[in-house]
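See the structures that follow.
Each of the next two complexes has subunit A plus one more chain, namely subunit B in the first and subunit C in the second.
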Partner chain A sequence: MSQFTQGLEKVLQGDYLDIILRGIKMTLELAALSWLLAMVIALSLVVIRLTNHKVAVAAVAGYVSYHRNIPTLVQLMLWYFGISSLFPYELQMWLVDQNAEFIFAAIALGLCQAAYFSEDIRSGMRAISSGQTEAARALGFGYLRSMRYIILPQGIRNALPSLINHTILLFKNTSLAMAIGVVELTYATREVENYTFLTFQSYLVCTLVYLFFSLLLMFCGAIFAKKLNKVYAR
Partner chain B sequence: MLLNVIDILSQYWELFLIGQYPHGPLGGLVNTLILASLALIIAFPLSVLLAVARTSPYGIFRHPVTVWVYVMRGIPLIMIIFWTYFLVPSLIGRNISGFTTMLCTLVLYQSAYLCEIVRGGLQSLPAGQTEASRALGLGYFRTMVFILLPQALYNSIPSLISQFISIIKETSLGYIINAQEMTFAANQVNNQLLVKPFEVYFILAVTYYLLCFGLTQLAQWFERRIDTKRQGDALIAT
Partner chain C sequence: MIIFSKVNKWYGEYQALVDVNAEVKKGEVVVVCGPSGSGKSTLIRTVNRLEDIQGGQILYNGHDVYGVDSNLNTLRSRVGFVFQNFNLFPHMSVLDNITLAPTKLKGLNASYVKTKALELLDMVGMSHKANAYPNQLSGGQQQRVAIARALAMEPPAMLFDEPTSALDPEMVGEVLSVMKSLAKEGMTMMCVTHEMNFAREVADKVWFMDAGRILEVAEPETFFQNPTHPRAQSFISDIRA
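Showing the complex of A and B:
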């Protein structure tokens, strides 16, 4: 047991702690950036789909089905190895200077999660009665403004539980970025393990960090949902 | 570009489909499917037990399973792969292949998710089912096995199929620990060609897409069928 705690102390100090902390920072940055990207795209997809134009609906359905039926890892690899190779040479070089792994990981994860988010929000909005739209339009709101002020806020409230679940999924999926060489928490943990050979201890630290953030997200989600339900309760 | 894709396919379709099979280990799409099916077949009975424990009135069964489910849902699959890769050989005292590691990981991980699905199925049954069966003199165990589980499992077939799709997608992570499956095969092809990464990963993506899209359609078909059957039951009941 003392051997175990000694190992844990070794992993949790000096350079090794630095590596892990930088990994955590990278994981959080990646998660935050791709979450933002996903949310923006998801909201646009939802609005596009609601126009009920045949082509628009088909395009959004195609987008969603593409991103939901292909493994996230494959999407990451397709972006990082595949699509990047189609870019002009100068752009590729520029991206390499700008930490290309991180950018492509954020794009791939964001686009992928956007499909899930848009489905969550859409099914949340389906639960809203059409009277809401009609009332908003009757009160003089245009299409976009009735979306923005009336429909979307309610839709997001209905969709909250599954949005939280998919946010947790997004957070966990950032670990896939290690496969294309982003130095996030999992990658950092592997590094520490390679230097120290303290496999058990370094994995334990990593697992606890992931668990902490996931449980934090679940907890915040539960509190947020409770609050929203109280505010809007009638 | 399309010509390139056809070219790669006609040259490497065997590697994509079955890996190096006659001359080496089985791999490719076939192994992806075997891996995913085995994982589902082993994880499913386990998850039913877990679900029964998770809905059990006895805390001694309920609490450990709840913790297990939360832990499994809270950490990324890659971490569980690394844990299995490290722990299982040291527990059983000999090395295991990438395939076995991936299988163990998927069983552990999916048992938690499937458990939640079965639990959802159990809890969505009306309480009258339990009450009626207990009133007819069936004990807790027999109520579970003969009354509740058959209904809950039937209703959760669509979710089970979508979970199977998740498992298929998750097998792609086997690439990281060199398990022989389709993503691994695609990387082999890519390493041999070197100059056509987009085409290779495009083929990979399309293959996964066709497989999973087909299964999604199947899940939706089942869902409609179960809905009609439920409505029929409701009509008879009224």
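Showing the complex of A and C:
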């Protein structure tokens, strides 16, 4: 047992702690950036789909279907190794200077998660009575402004529980980015393990960190939902 | 103010409105009555194009509602419309429900709009609930707020689509009294309603509809005492029974 705790102490100090902390920072940055990207795209997808235009609906359905049915890891690889090679040479070089792994990981994770978010919001919007749209239109709000002020805010509230679930999923999925060389928490943990051979201790620390942040997200989500429901629940 | 000429509307094979010709004059209160499915709600909803028509013309305040040059959203913002189910926005406070359209659509100054909204709430007897949310209000209170919301855009006319049909009997009175005071102030109103007492007391004209046609246009006194059309006669004798 004392051997175990000694190992744990070793992992949690000096250079090793530094590696882990930098990994945590990278994980959080990646999660935040791809979440933001996912939400912006998801909202656009929802608005496009609700136009009920044949082509628009088909395009969104195709987007969602691709991102939900291909493994996220493959999507990451495709962006980093595949799609990036189609870019002009200067752009490729520039991206390498800008930390290309991180950028492509954020794009791939964000695009993928947008598919889930958009479905969450869409189902949240289906729970809104058609009278809400009518009331908005009758006041003179056009399509986009009815969406912005009346329909989307309600849809997001309805979708909140599943959005929180998928946010946690996105947070955990950042670990996949190690496959294209993003030094996030999982990658950092493996490095520490390689240096120290303290396999159990390294991954235990990693596990607890993921658990901590996931629970924190859940907790914040629950508080947020409760606050909204106080005034809004029917 | 609102002129229907030769208005026709179909739902597929079914003709919902048949050659409707009628006029709501400025300052007039018109009550549209008739049996269920007679096209009353359809008719009132054509004025702000919640329903489209397939033939004829509707003029609202001098504008051709279905004219190619009419801007739909601008037109709608000038028609006050009150729904059967209130349709307040549940994620906003009472005050925000009222100020939303004037601030976002007219770009009016927020504090000016708020002052005006509070005046309107006072008028409908709801100023004590300005910061409440719709789900904290009774049906009658919600409908009064909905009326204030429609009035906030300062429409030249107000349309009411069965405003009391979703209310408990004891809440009907509070909504009707707001509508009465509006009528007294000279607001042009078109109301679809089953409240015959309201029609008797407040209406300048009663339009009786059946099967998509306006069968009788009369002053309430005449309509309730001596309806001329046989269908109106049987309607009156039925509601008396």
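The rule we apply is simple: the second predicted complex is superposed on the first by the 232 of 234 C-alpha atoms of A that agree within 3 Å, B and C clash if a C-alpha of one lies under 4 Å from a C-alpha of the other, contacts with A are read in each partner's own complex, and residues count from 1 in each chain.
Note that a contact is a pair of C-beta atoms (placed from the backbone, for glycine too) under 8 Å apart; a residue touches a chain by one contact, two chains touch by 3 or more.
None of these values were measured; they are calculated from a predicted model.
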item	value
Contacts of A:Arg145 with subunit B and subunit C, given as first, second, both or neither	second
More subunit A residues in contact - subunit B or subunit C	B
Which superposed partner A:Pro153 touches (first subunit B, second subunit C, both, neither)	second
Subunit B versus subunit C as contact partner of A:Arg137, first or second or both or neither	second
Of all residues in subunit A, those that touch subunit B in their complex	65-66, 68-75, 77-78, 81-83, 85-86, 168, 172-176, 178-179, 186, 190, 199-200, 203, 206-207, 210-211, 214-215, 218
Sites on subunit B touched by subunit A in the complex	70-71, 73-79, 82-83, 86, 165, 168-170, 172-173, 175-176, 183, 190, 197-202, 204-205, 208-209, 211-213, 216
Subunit A-facing residues of subunit C, complex	48, 50, 73-79, 81, 83, 85, 87-91, 100-101, 104-105, 133, 135-136, 149-150, 153
Subunit A residues within the subunit C interface of the complex	129, 131-132, 134-142, 145, 149-150, 153-154, 157, 231-234
